[in-house]
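One chain, subunit A, links the two complexes that follow: it is found with subunit B in the first and with subunit C in the second.
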Partner chain A sequence: MIRLQEDLADELTATGAHGVIIDITAVEIVDSFIGRMLSTIGSISRLFDAETVIVGMRPAVAITLTELGLSLRGVRTALNAEKGLQILNGKSRPDG
Partner chain B sequence: MDVGTPGTRMADYLRDHQDKVIGRWTELVVAGVRGRTTADEVRQELGDLYSLVVRVLSGADDHAAGELRAALDELSRGRARDGFTPSETAVGVFSLKEAVYELIADTADLVPEYLAFSRLVDDLGLHTFEAYSAAREQIIADQSNAMLELSTPVVRLWDGIIAVPLVGTLDSARTQLVMEKLLDTLVATGADHAVIDITGVPTVDTEVAQHLLKTVAAARLLGAECTISGIRPQVAQTIVSLGIEFGDIATKATLADALALALKHAGLKVVQALWIRCPSSRSGRRCSSPSRSTCRTTA
Partner chain C sequence: MDELPIRTGDDVVRVRQQVRNTAAETGLSLVDQTKLVTAASELARNTLVHGGGGTARVEVVKSANGRTGVKLQFTDEGPGIADLGLALTDGWTSGTGLGLGLSGSRRLVDEFELNSQPGAGTSVVVVKWSR
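So, the complex of A and B:
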């Protein structure tokens, strides 16, 4: 997770990207650490003026995060990568 | 007859008077259940029980007691399923005592035997009662499971918009099920709007509200937006007086309003079709063209 943060920060500086999509389809189990890390990645990306969208979260993962009281503030979520891209391209609804 | 324990002597006595006792026992039971089973059926059941009781009393084999209990379990379960009352079920066993007593009353030398027999029947009666209530509890558990399954449909309102009409009281178990089903459907259909309609929920307390908020939060994590609709006047009053905050979750009075909001968010617009009298048709048929110039109905 720490490596991911460093790699991501390096990549964002190198490419000047404006959006980050994190696909967690394959993540079946989460804990509070992972939940917090996702928020941290969102905050780091925002420092580089990039918006983070987490896509493909499983229902069980969502229930766990809710029970842990984490709502991933500062990070946007989408059902799948396609919808995530739509959000980053500004095609989604203006609110939220 | 004068050798052996009271149990074996009683067993011998019962074996000798088998037909008379079973006949009287059947009469008593049939009178008790008021014609819901036929006398032949009852006689068959009681005949089996009777021979088991005799085997238990004679103490000859060890399996008889277990078999007798299993047979009583089976009988009580059947009675519970068929809607007999507990006393009607228990009377089936206790009336054996009465049947035997009527026969034995004039034979004074069998008193200790009768007491031992009576104790056995009492035990069996209690066992029947326990089996009966266990069966009833099982039925209740099955029914509430079936109700849980039935009571949480997730319906598709529009392309990308789903709804969960909730009816009845919400408890933790049910909300959990609703939440799981809603999230699964969101993922399966790729819908990004969900409407939770609580028109059928009679009361909303802090616990129910907490459950609803959790469901909405989980749906948001998946990337879907939730609207709560169907809040009735009394429910609204309760929510306000309890000081429950729905925060930035959209709430609407009716399902229709919630659908309109979801359509708006999805970038869809519902417009009224311009139905006019077709200018070209003599029969006065309706025509979908908004103006005379675009009408293609041939005269």
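So, the complex of A and C:
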């Protein structure tokens, strides 16, 4: 996981990207450990002026996260990669 | 009944898999499986990080009125918890996490029992019933 954070920081520096999309379609559970990791990725990205969008969260995971009390600070969420890109491109509002 | 060691991060993954398999076999809904596995992950990590390692027991149980459920017991011989009320408070953390491990897991299960004393280790028993 530390490896992922380092790779991400390197990549953001190299590309100057303004957005990060993390697809968690394959993730069966998000506990506070993984939640904190996702928030950390959001914080790191923000230091490079990049916004993080988590996409593909399973319904059961969303329900469990809410009950657990986890709010995933520092990241946004979207239904899928396409909608995540819309957010990053500033087209998240229907009238935008 | 299965008893699994919790000594490493990989053991936490194995506990999660065992709980998932048992919950699925017991007929818990997908949401209830996810809740139980998430609680198991929190509690197993507590056992590892705060208890210095321990064991997890995974068991299928039947209630008096015939319902089937999955019972999990996490036991360690670590330093124990001095203030159980405080440890179960949302947002209170001993320093390494978000402070949601115990309080959050309690909300994810149907039954939750925490026993601990300073110097005498910690035991957490949880049950999730099928609906």
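Note that the second predicted complex is superposed on the first by the 93 of 96 C-alpha atoms of A that agree within 3 Å, B and C clash if a C-alpha of one lies under 4 Å from a C-alpha of the other, contacts with A are read in each partner's own complex, and residues count from 1 in each chain.
Definition applied: a residue touches a chain if its C-beta (ideal position, glycine included) is under 8 Å from a C-beta of that chain, and two chains touch if they have at least 3 such contacts.
Being a predicted model, the structure only gives us computed values, none of them experimental.
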Superposition on subunit A - do subunit B and subunit C clash or fit: fit
Contacts of A:L79 with subunit B and subunit C, given as first, second, both or neither: first
First, second, both or neither for A:L68, with subunit B first and subunit C second: second
Partner chain(s) touched by A:V55 [first = subunit B, second = subunit C, both, neither]: first
Arrangement angle, subunit B at one end, subunit C at the other, subunit A at the vertex (C-alpha, nearest 10°): 50
Chain touching more of subunit A, residue-wise (subunit B, subunit C): B
Partner chain(s) touched by A:S32 [first = subunit B, second = subunit C, both, neither]: second
Smallest separation of CA atoms, subunit C relative to subunit B, angstrom: 7
Doubly contacted subunit A residues - partners subunit C and subunit B: 58-59, 61, 63, 67
Contact set on subunit B toward subunit A in their complex: 179-180, 183-184, 186-187, 190-192, 214, 217-225, 265-267
Interfacial residue positions of subunit C with respect to subunit A in the complex: 16, 20, 30-31, 33-35, 37-38, 41-42, 45, 90, 97-98, 100-101, 103-105, 107-108
Residues of subunit A touching subunit C in the complex: 28-33, 35-36, 58-61, 63-64, 67-70
Sites on subunit A touched by subunit B in the complex: 54-55, 57-59, 61-63, 65-67, 71-72, 76-80, 83-84, 93, 95-96
